[in-house]
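There's a structure below that I have some questions on.
Order of writing sets the labels: A, B and C. Residues in every chain begin at 1.
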Amino acid sequence: MNFFLSYIILAEIFAIVALSTNFLVGVIGIFSVSQAAIMGVGAYAYAIAVMAGIPFPLALLLAITLCALLNVATSLPSLRLEGDYFVVTSFGLQIVATAVFMNWSAVTGGTSGIAGIPAPRFSGLSFDEPENFVFLSTFALGLASAGYWLLMRSSYGRTLHAIRLDELAAVAAGRHVLQMKLGISAVSGAYAGLGGALYAIFMSFIDPSSFEIHVSVLILTMLVVGGARTLAGSILGPFIILAVPQMLTLLALPPHLIGPLRSLAFGVILVSFMLWLPKGLAGRKI
Amino acid sequence: MLFLQLIADGLVNGCAIGVVAITFTYVYTTTGVFHVAHAGVFTLGGYLAWYLSKEGIPFVLCVALAMVICAAVGAAIEKGIYEKLLKRQATPLVQLIASLGLLAVLQNLVAILFTPNVLQFESIAWRMKVLHFGPIDLTIPQVLTVFTAFAAVYGLIYFSTKTNLGRRIRAVASNRTLAEITRLKPFEVYVYVMAISSALVVLPSVFIGLDQAMQPYSSVLVLLTAVIAVISGGLGSIRGAFSASLVMGIVQNAVLIVVPGRWSIALTFTLFIVFILFRPTGLFATKIRRAS
Amino acid sequence: MVHMLQVENVTKNFLGLRALDACSFSLDQGEVTCLVGPNGAGKTTVFDCITGFLNPDAGTIMLNGETITGMNRRKIVQKGIGRSFQNLRLFEELSVIDNVIVCLADDSGNDPITAILRPFHSQKILDRKRGEALKILERVGLEHKADHFVTQISFGQQKLLCIARVLATQAKVMLLDEPTSGLSATALKNMVDVIRQLSAAGMTLLVVEHNTKIVRDIADKIVFMHQGRVLASGVPGDVLERRDLADIYFGGGN
């Protein structure tokens, strides 16, 4: 039972991060392989804040704001330019973030990470147990989905689509393309920060390996499988992809090969979907 | 004289990065694909050479065999994946995600077939041997890194300016749509480009592996550094990309004097961000741009 | 007298090719000016220079006496110069009305805070913009296609939609790049009517047009370009009668 609940909770958390990726990859069509890094910043920021005695809502807000700002700051230079700079900054951000998580030991605990992150409690109800936490994660995913839906149907959302479809025509229409992209980049960062904070609460332990580049690839795979630019896609993807490791554990594999095999599977999935189903299962053309 | 030694080590690193940079640029400017899976080919080449040398095959043959196999892998990637995507007019984003997936496939195949752990070329006895050049000490693999890098750069320059195939590749790179109409057969050219680049990138992989160690996942860092060098140098010329890589290698090593090694990538990257904020066109003023 | 738009000695080179060579002409309020010239004359390049998509190497462009050369593209749109593209560049995955909504001068609601945190306000803005966009679609006769996708309407309607998009920016000067090319006879007549109505409503228009019959029909003034130079400008009667220009035009150059 607990096992099943954990699966649900993790899938919900990753669905929030997949939505964050969707804003970039699906909505404005830029590549991102640093979602895990941003998620990690959210997780560390939350953990450090809460353990310093800051109350839950404030710590959460702090994590979200920090991630939004970070995403804007790191994407600013590459968004100002055309072409493939974004690929480089995205890879770079991921690698630098991992280096910081590992090496800034005084704050992040280095390779041993941070353990014993307390779960919030509301009037006697603690979110330690999956039975309770699942309400929190479901609620958060509900809010995130509502936000996504509202944003996409607003005039802002329509403008973002237009920018992806033809940036030059959007400029000719007098739109402030950079400002719009930065706005969505902030939202994307906020979503990843929320996902990271929830992850930290649920696991009560974080270390650099949870936010490595493999995880970023995992998140991208979720989006690609579910399908870009739809709410359904971002939610479906994590539920499917998180089931893959479970299936791998059913095969009796040597333990040291499980990690690489899983990543291999994700690689194969990415390539196959790009070749044969770039829309994903429930998405739109990218 | 520690400083001179750091500079020399930096130059050696720069040479290794340089070969990755020029081969990446070669693919990028011709085919238009942001070939991140190049890092996977890099990994594969090093491990193949390691495996073959462990089996007792003479070292030169190991390297040659690894290059041939990687050339075949590169050609297969082009034929089997990139060509299909390009013919279907997939967006750059789709090409990029496919390339990222390929990178994961190659790295993890290596980890599964060989080992996910750090490994060294134990069967090669001379890899630790040090040569003295005045105040500077270099290992034999380091010296070979430099020699092969220069051979690769000048070989590639000679090839692309003096041979028919090389000139045809340049013609395709300069105008892809036109190339399709004329009889240059761009898709055939792409296969050659991928094969050549994939073979050459084996060299730095093997010699870095010999000198230091190998690990299936570290090549992303090498590629990132190389791409940063390519952009900083300004896209367009093989020489420019290589020179920028040398500068990059030296800078990365020189900062070791003031910051510990584990921060060097963070510092490099931050410098890069600041750099492109102020000089988006690179040092030599040609913008990074997809071949169109 | 200050012209609505004045192009003065504008020169633009592309790697040794002189696409524009000291071009000068002017547009007056409410007039339709046809930009005529063989392929490669530099007509689209003129548009690009006026709208800031290209920076001229020399010369000045003035709107109502104010220099706009070197201004950024968005600023120029806000000043009231709108353009269409020769290859349409419609947002193909959006509906007809969304194509217009996205181009409205009104930038309110175009931020994530409003969209997510003030959903009702955001909806109100969207409704208002929809109303505005519908009115613009009516001006070009596309209101009945508002909720179709761009790919579902005819080519002629797509060209009208391009005009609607420019109208949405509240342009005072409209630059239309070949609005009639490739149209069927009825669509053509329709387009000519729309252009006439715009002009009657006080719009200043610069229209790239290849068909001399239509030029005669709509033009108050003609600017004739060849190899980046303005060879003649004036009233249609004068310019269209000149044999030398006709030779260039129909002789395909030199």
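Please note the rule applied: a contact is a pair of C-beta atoms (placed from the backbone, for glycine too) under 8 Å apart; a residue touches a chain by one contact, two chains touch by 3 or more.
Everything numeric in this text was worked out from a predicted model, so none of it was measured.
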Problem set entry | Chain contact graph, described as a line, ring, star, complete graph or other shape | line
For this session: Could you find the chain whose CA centre sits the greatest distance from that of chain A?
Result: C
Exercise. Given the two chain pairs A-C and A-B, which is bridged by the higher number of C-beta pairs in contact?
Worked result: A-B
Seminar exercise, completed: Averaging C-alpha coordinates per chain, one finds the centres of chain B and chain C separated by a number of Å equal to 47
Problem set entry | Computed distance of Cα centres, chain C from chain A, in Å | 43
For this session: Between chain A and chain B, tell me the centre distance in angstrom, where each centre is the average of that chain's C-alpha atoms.
Result: 30
For this session: Using the touch definition up top, name the residues of chain A that touch chain B in the complex.
Result: 25, 29-31, 33, 74, 77-78, 80-85, 87-89, 91-93, 95-96, 99-100, 102-103, 213, 217, 220-221, 224, 256-257, 259-261, 263-264, 266-272, 274-275, 278, 286
Exercise. Which positions of chain B touch chain A when the two form their complex?
Worked result: 34, 36, 81, 84-85, 90-98, 100-109, 111-112, 116, 216-217, 220-221, 224, 227-228, 231, 262-263, 265-266, 269-270, 272-273, 276-277, 280, 287-290
Seminar exercise, completed: Residue set of chain C touching chain A in the complex reads 51, 53, 73-74, 77-78, 82-83, 85, 89-94, 98-99, 101-103, 105, 107, 109-112, 114-116, 119, 122-123, 125-126, 129, 165, 168-169
Seminar exercise, completed: The chain A residues in contact with chain C across the complex are 147, 150-151, 153-159, 161-162, 165-166, 168-176, 180, 183-184, 186-187, 284-285
